[in-house]
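First chain written, first letter: the chains are A, B, C and D, and each begins at residue 1.
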Amino acid sequence: MSKPLNVGLIGCGFMGRTHSNAYRKVYNFFRTPLRPVLKAICDVNADKAKTFADTWGYESVETDWRKLLDRKDIELVDICVPNNMHKEIAIAAAKAGKMIICEKPLALNVAEGQEMVAAVEKAGVPNLVSFNYRRVPAVTLAKNLIDQGRLGRIFHYRAVFLQDWTISADLPQGGDALWRLDVKAAGSGVTGDLLAHCIDTAIWLNGPIKSVTAMTETFIKERKHTQTGKVEAVGIDDACAFLARFANGSLAVFESTRYARGHKALYTFEINGEKASIAWDLHDLHRLSYFDHRDDSLVRGWRSIHVTDGDMPYMNKWWVPGLQIGYEHSFVHQAADFLEAVAKGQTVGPTFRDALDTQKVCEAVLESARKGTWVDVA
Amino acid sequence: MSKPLNVGLIGCGFMGRTHSNAYRKVYNFFRTPLRPVLKAICDVNADKAKTFADTWGYESVETDWRKLLDRKDIELVDICVPNNMHKEIAIAAAKAGKMIICEKPLALNVAEGQEMVAAVEKAGVPNLVSFNYRRVPAVTLAKNLIDQGRLGRIFHYRAVFLQDWTISADLPQGGDALWRLDVKAAGSGVTGDLLAHCIDTAIWLNGPIKSVTAMTETFIKERKHTQTGKVEAVGIDDACAFLARFANGSLAVFESTRYARGHKALYTFEINGEKASIAWDLHDLHRLSYFDHRDDSLVRGWRSIHVTDGDMPYMNKWWVPGLQIGYEHSFVHQAADFLEAVAKGQTVGPTFRDALDTQKVCEAVLESARKGTWVDVA
Amino acid sequence: MSKPLNVGLIGCGFMGRTHSNAYRKVYNFFRTPLRPVLKAICDVNADKAKTFADTWGYESVETDWRKLLDRKDIELVDICVPNNMHKEIAIAAAKAGKMIICEKPLALNVAEGQEMVAAVEKAGVPNLVSFNYRRVPAVTLAKNLIDQGRLGRIFHYRAVFLQDWTISADLPQGGDALWRLDVKAAGSGVTGDLLAHCIDTAIWLNGPIKSVTAMTETFIKERKHTQTGKVEAVGIDDACAFLARFANGSLAVFESTRYARGHKALYTFEINGEKASIAWDLHDLHRLSYFDHRDDSLVRGWRSIHVTDGDMPYMNKWWVPGLQIGYEHSFVHQAADFLEAVAKGQTVGPTFRDALDTQKVCEAVLESARKGTWVDVA
Amino acid sequence: MSKPLNVGLIGCGFMGRTHSNAYRKVYNFFRTPLRPVLKAICDVNADKAKTFADTWGYESVETDWRKLLDRKDIELVDICVPNNMHKEIAIAAAKAGKMIICEKPLALNVAEGQEMVAAVEKAGVPNLVSFNYRRVPAVTLAKNLIDQGRLGRIFHYRAVFLQDWTISADLPQGGDALWRLDVKAAGSGVTGDLLAHCIDTAIWLNGPIKSVTAMTETFIKERKHTQTGKVEAVGIDDACAFLARFANGSLAVFESTRYARGHKALYTFEINGEKASIAWDLHDLHRLSYFDHRDDSLVRGWRSIHVTDGDMPYMNKWWVPGLQIGYEHSFVHQAADFLEAVAKGQTVGPTFRDALDTQKVCEAVLESARKGTWVDVA
């Protein structure tokens, strides 16, 4: 029999929706030992919160996250607000003894991240950062294939995360979804928003990154800020690329931009091993490409694996072979794994500590771009 | 403000799940004027029904569909049982004044279908048959592009629905999901199960089909029947292909099989017009291929449209550009359109009458295959 | 050491060019025991023939094919003229004791084809019909994989040959390359021109075709004829589709048209076996798609084989792995195989007799389309 | 009327074949004003040279390139020997007043390259370096589209050249095709061999590169040398990646390796502009991908342009729409453009001077990799 778990979610934006959907669906498909109850939604904007509560079926509304944390009935706090608020809320939630799921990136910088890790570890509360792409079945499959040793010695890793939504100079910085262009709210541009995903996956699949050399660019130097109403300097990185060396001796190239016309969310990675290679592409997230040199040479080629069969990660919970799932399901899987782990008293990644590793690489990347030198990851 | 709409769903199989998921999600994304309430689930197997109710949050359980129809609190009856039970339940539900959503194909044959159409039209109840693929955004987009006249005169239509799940001779006929191999429960094999989808889409996109010539084959002639425990002759068509002529003068080729190794649910269609062509593939359902001869010849080519932007059908309700949805969403869209139409007192297709047109083509196909001649669609 | 072989080629059109190129290149890459010498080019149009001779390095020019056949120095006659002239020239060449390579289709009909087969077999001269696609390396690879038994029992074969070059009603019938629209010169439309290729490959890969049911259509009913200057009824089939049953029990669907907007020469085939499937596409002719059910299920998927490695058919003669060859190379391979076989006194297909089998299927297809019934292949 | 042009080619390896094939074919397809005559082949290995002469139809054989240069009948010298011999031969050929086509990269380093440029410019002889990929029709099309201003402001350029042929530790350095692993013969590894191609194309399409930061790696540190018979340190770069900034403000990422399992010759580039983007892939060299933001949003998507129509660069000389050409044709186009230009007294790139620009970037890349800093391109 499943037990209810009361969720209080903070932030009614894009991520608030993906997480709410996950909590609503997870039991329907995974019959998890803990069954999320949408207890309270919190947003500074009361109207927005009320509509959100009605839409998703939250039982109550809060407009002050501190009040949410004070509530005894809330067991899991889910933080879906801009990056500059992660630290304060997460530390308070840890002190209040709540389980915490926090959106990525962990924090504005490594220093903040370290405080957060200390807080959750001191409080001993279950914690997870929502690097959701790990749990796209094709990506989890990639992890499994690597763990099985199929690739052999790794030579190369390459990843890009390409978008094109900020090319227009008329787009303001700030305002709802546009806080990602405001350096005060976001901390950085594509580095924290997009490359953080690439780095989390990369460390998960290929181990620690030792050193990096990076370049960043801000193509549109000034944008109107919706809060001040003035044209202000843009503080974020519109694009960032870096070379890296992994601890295992492999070389990597990473690139991200919001100025790659034609790509909306093209997160791709490829890993080349001595014996086999793997590639994945978020625009067709239900497929994994795999090449195995050990195949009979007459029929050797890149395989396009349609990751929908029942023996694929998570897929026995969904439909039937051939029928694809989408983006949102990665959050359902995340919720399922988290609830399963909590019920068993186990830890599941990416924890705050895992996310701190990614934060360190991001910080090294930004430092390298400023200095124009190679930087070792702390 | 939305009003609740009480749903009673019959059948806890694969389709029971897709429909339940749709009812649970539709308001979260579409904020429909009517909000489905999962009032009752009905299955002859009480244990199965109870687990299903717990999984999906149904408020009550019935084991006799007649009792479900007797309940005054049920407003919408959703029929997700094998084909041979559609007629009886649907006619009773119509008599009980319920709205009806029925899984496809409409019936075992045209005669049954005609009775069903008569019943719902006499009762004046909203009715819909779940040819869900119409509401994959890429397919709806295809419809819109055609309706805009972009293709010009149509010359060709071709569609396949290829699977490979019944190649093993050890697979029994009958038993849970395997009723699709039992001719008594299913009425036919791939013709009613898969080609019915292809035909529904084809008529929707390209108008009436006038005549057909077909061939069918049953590759595995005998299979054990789970209900009798005996090896019995297989009565369904394992594969069916047919040529057709549309009323608009275009030619068509249709093919379906469960013996196409490497394809799980490869429903594809292509339509070639004088000015432009369109192609779609269920294995990458979030894409539409489009070729426009009017393009500047230097940059003319098949376009792969990643159907995720906000101006694409249904997509402003989901996530952000670049992030794909999956199979299950077609049912959510179907629920949304149905609820919207019911609230406005409008009709939305495919109605039982629309589905009867598809049934007529299926029947002509099977007759042609038996006789070895061209058959006009009645 | 190689010996020279004197070639006389009739017809300066598209096929005259592909064959001339093959003769010029074959020794450079295959170092065949017989080395073609471009001895004479023949065309009724003397200017055209002279320019062609200069372009390709033919040593002499003829304007009457009978004179060419009279020449003692000509050993191999290559027939690259419209279909309605194949029979007369081929029979005369056979009587003159020449080796013959003839463009496809073999003849206007089965009766002609039978006379031609009788003539070459009586004369005992090496003979080959230029169904060049057999010798695209990916297609030859498909043949090899099938011959190795990798596919198991075959269930399905499907092939299309789609073009879009005759959609304009302004296009005349007749005149240079347009003789393919003139039924008197061509005998039929897409059936003899395009489906003949599909059928030749199909028989080669999957054995004899037993019976067919077909439909044809002529979308543009009248076109100006360049020779008469008048608008005349179009006698060819613009499109043709047919269902077929192979002797091995597998089912097939074939389709061809010149009205499929967006496709220039999209010849594709797919063959589904119990254990594996194969697919190929002329628009990317250097790739073969292969799916093997015996693969470990976690990494099972369609493989895209880039047919460029040295162990692929013919490819050790060309460049290095990864570098693709193109359309014209299929003719070079044909020339190489023919020269090799002649030198060894062996036969190489497709012979006139092989091509007659294809002709019989074409004739059954056209008969079926006229009658609207299934027709057994003679 | 065409005039003969006597060619003397030095080097019977892979490139000797591609160039010989080009000279043999160019007139057949382009009817160039100058018609190459294969006058002499030169190789230190007399047997190899004789076989090569027989294979390709060279009229004479030389074993000392100096003798070839002394011959009055030789008008064009084509240098297809390892990189460390380019300088000496090219300078001597220039002094002898010969036209020169030289394989890429131009030289071992910038200093050598500068001497070579000085020599050909002083002598006033036509000169070209064989960066053949410029003349793949899809790549030329990319150039034309960019020159038409279709892309708008350029933000990003990315290119990779990935191979996997040296992964085995058993492969020796040196010996025939393996001179590319011997630093003395090759000068560098993937930088000069593969990235040089990427850089040439990049400068051609996107203008000068200003600065770079690079990393290189030699994965297999020691290999047997075939000439000494001993295991020796490997001096070449097995892999190289670099970040770059173009003069036009765009950012670039380049990567090359011979350790990317599954890729044989995967040269790809992509360029993202404000209005449109272009991508190309050598493994399907007959296609160009193009995305245009100005398209109607409902049908906006990446277009796969099958570059085979007659209005595509060079393609009116080959076959008919839909029929692809391959790798070797880029050399035929190079020969055609060179012969056309020479006949008109014009210059055609890439000249030695153009190739020197590429050499400078290569040198900056290698310097950056050594120093671990950004390096400005001289």
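As a working rule, a residue touches a chain if its C-beta (ideal position, glycine included) is under 8 Å from a C-beta of that chain, and two chains touch if they have at least 3 such contacts.
Computed from a predicted model, the values in this text were never measured in an experiment.
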- request: Return the chains common to the contact lists of chain A and chain B.
  value: C, D
- line: Relative to chain C, the most remote chain by C-alpha centroid is chain A
Query: Can you give the whole-Å distance between the Cα centres of chain B and chain C?
result: 42
Message: Could you work out how far the Cα centre of chain B sits from that of chain D, in whole Å?
response: 54
- prompt: Using the average of all C-alpha atoms in each chain as its centre, how far is it in Å between chain C and chain D?
  reply: 35
Shared-contact residues (touching 2 or more other chains) in chain C: 263, 287, 302, 306, 309
Statement: Given the complex, residues on chain C that touch chain B span 155-156, 158, 160, 162, 164, 167, 213-215, 217, 219, 239, 241-243, 245, 249, 251, 253, 255, 257, 259-263, 272-277, 291, 293, 302, 372-374
Statement: chain A partner, complex, touching residues on chain B are 14, 17-18, 20-21, 24-25, 27-28, 31, 55-57, 163, 165, 263-266, 282-287, 306, 308-309, 318-329
- prompt: Quick one: in the complex, what on chain A touches chain C?
  reply: 141, 144-145, 150, 287-288, 290, 292, 295, 297-306, 309, 311-312
